[in-house]
């Protein structure tokens, strides 16, 4: 078994897409290729079966099979988190057990749609954790745009205090900069355990979030090497350099984080970069139009020009070029 | 100046409609007639400028003028609560001051749409109360179906503890029976001030809510005498008799509490009962179809038959007939 | 194989609950008992794997197994509709095929959460039907309170016109009386195929909906014999008698249709009536409180008293008593 | 009276903020200064009383007074559009008349929250236009993130066909690129009147939207000169140059378009640029934290460095510097 995520976990955990064939089956050859690709970009971890992994479109059996397959391939090379959110504690526990037995580093759980008050969320999450048992490290996925469930800083700290299993926050609220600051400040002032915070939202606010106290990113932007290098620069104290690099990619970051359309764009970039064979989503899903494809051509072209002019000017930034 | 509402306030506070002429002006002659009608049905109080009073369709000046007019007419005869919810604290304070200076018994405030977490609601409400000052008794309007803001029992008790001005809960969550029970139990166990709870939701669960600990109703059902008599029976210990009477009206209660359509039905019944001249809503608003009118004829006819057969059988229930 | 539903289908299709054991497994002994119970109450059909059947909490394998089991037990005795709504066309088609091969009478599909405009719904539904093939009769489930997807009368008629597979509307919009009237009128005036309309919403508006043109009910009210008898009286021309019978049950109808809480109430009534062994929901789900149970005792007691006084007065209504 | 907007209107219509004093009154001195500022940046038009103008926090009298004041000051120098969305047709018509009599170029109307189906939106909008009369040019504000009302391309073309008053679309759907393409293509193919499309969303997709067929922007980004110059370059055929300039500002565009927080950021930038005296929002509203202010310092500093290095390198871009 591999290692487990903890409060100290830092880095870039890429949200893996799920590649499909044109008939809608999981394309396992592409899964393998994609894993190689992600590792080659230097990511520090992997998250599978997220919302952007089209987890909700898989049958229970498919989810388990994909989980076992990925964990076998990745082995000890990278810690892997498995998204297990669902409508039944029973089904969630079953997938969590499969995951941990196969070597996962932890599981990710979003609160169920329909939870409203602090107490409802607190009680729901407590029941989930009770169902999972105390040995599995858990990531709280805070993604209100998708779940409709809103988490205050206070409530998160109350959950952290009550449940040692919660070791990480996948932060995806928007606006969310203030929440990171408040959690970090309150956690310190009130002596509450400091947990890992990795940020999502397609990385739209990534360098700002690092300054606010985030420990890295958990998102699926199709150029994960940028996420890695920005973090490296930031960690080395080169805050402005981190932001400079990020800004080069920002036009594409912004393009890919469009709701609904974004996943099709991400898969198409991954296809162009050789990571997967087909950019198709399991139906129903958005299909890129000719206008989208032209736009993407142009945005990628502009990125590559910027990167190559950087390379000429500053040779040590060559690593930022797409592989 | 009249008396003020307090934690001890019990009874039926009818949510007054706002009568309009066919050109969309406030019909003040009907306002006067309606006030006489409500008083004749024995209600214990009045709430104006509620959502079902089409408050959001009035200009600021109209709201102030209507408030002054109603309070002058009602005088000391009935305590009157004024709904002041709005997007600006400034505007809310101004209407609250007009209301209290004119003799209102208190004001009603719903949390603003868009508030999500317990802390957001708590802070918002605290700011509202600070803007209003400490001398105005306030009703917390808990109507998540309209506001999208959800209030837990715990949060309500936290608000009650922090703010002596909050003396009443207008309870309109659904499902909401458990919330009344929890508030009453927790308030007693934790020694938190007991406030008045009046129920809305078109009275659909009224007798059950009384058993759970409610002190009366605040709703605009077009037969308010039923609300009064059910409370009288219940208060006299005749719990089953209260429910018997309620059940006679339940088909109409259910019919009138339909979302969107219900206000047009309510105004039409009030028109038929002579309380207002026209059932028109200020546009945009639902207009009854021929099918609606036929249905209403039938439902009213069935109610009257049941009431008259009750009268024959049990003469002491004659009072339950529509005036 | 049994018969198929069609545009001419009328009657009461009961939305079956899914009984669980205390450990959360499907309780197949109770499934069998429940099927006997439903048939004994005279229902005309069955719908399994609906939202109130906790379908979303089952693993794909469990759904298929339950479907096969029910269809084997019911055989030709009753037409059975299977709910197949889901996030993936592939998964939906697979469950539809299992269902039809096992003898289902048709499938029910709700539009996916997140669809907004008429065109989005129209295109989505067309793609679903294409995925299912042209031989499977389909029920359009119109349940905006749960899906957030709103269907206009015009759009429904457009769908009916385009897709002969759509033979039935499960009507659960609220307010929804006007929609039934409009569909019936427009369908006739514009010469569009008349489809079956069965109503849900816990039957809260059932007799009114029959007058508006509905052909029966598709809901899980725990006294389905009432739904059957109301339809019988209505069909025999005894419109007032149908409503009289309905009104006896209305206090319980209203109680059971409470959001969230209602399914626990329904299962508890079914347990008391001997239909299932345990009222437990698969977690997470609402658990009845002591106050709920006392309330239910009282409401059932009141119903039984009303029914028995009817029986004495009008012997021919004895059938309306709970078994 | 000034000129009116039409289908041919192109350019940048800045969404004006409403400046307040620390006591919450409208700061008319700042209004005047702000108008000078906007004009100095070269904007082609003005939109007042938008959502980002805090229109919903003004009393009816204040809205009318502000409208008259702005129109008097601006005179014939710029076409001014007035937002009149509201809950009552009567109130909307009254504000529209005040506006047009004072010299407005048109009014902007968003569909009311709660409208769902194509027919509901179509009928609502038709009633609004009937209430306004046929002489007032109208902008359809398509802002689903705020209104919850979704407009399909087809429905918009149906509205354009039915109502000659609709001359402009304020486009603020997200994702929304496809909608612009579809409207332009369908409009041409089906011979439907081509209307003006100005884009919002804080300009996050501005250059892409111009390529898709937009005619300019209607948003309140605090550097409106960028919006103007991007359009100039684009219109002169310098598509890449337009995007180059835009990309310099993108980090700030992204920062300012954060929900809720963004308006406070915008007002603070405008204050720093000397356009208004105070960045305060009328309560309730977000107040910038120290961390926000530091972040803003840094982002503005980075922008100015980029702009000044551009100036040195390419003197002809000096105009892009903030005034």
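Going by the order they are written in, the chains are A, B, C and D; count residues from 1 in each one.
In this section, contacts are C-beta pairs under 8 Å (C-beta built on N, C-alpha and C of every residue); 3 or more make two chains touch, one makes a residue touch a chain.
What you see is a predicted model, and the numbers here were worked out from it, not measured in a lab.
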Most remote chain, CA-based centroid, reference being chain C: D
Pair sharing more residue contacts (C-beta pairs) when A-C is set against A-B: A-C
Distance between the centres, which are taken as Cα means, of chain B and chain A, whole angstrom: 48
Separation of chain A from chain C, taking each centre as the mean of its C-alpha atoms, in whole Å: 39
Where chain D touches two or more other chains, by residue: none
Touching residues (chain side chain A, partner chain C) in the complex: 24, 56-61, 87-91, 94, 112, 124, 127, 131, 282-284
Interfacial residue positions of chain B with respect to chain C in the complex: 174-175, 177-178, 181, 204-205, 208, 211-212, 240, 243, 247, 250-251, 254-255, 258-262, 289, 291-292, 295, 302
Footprint of chain D on chain C - complex, ascending: 116-120, 144, 150-155
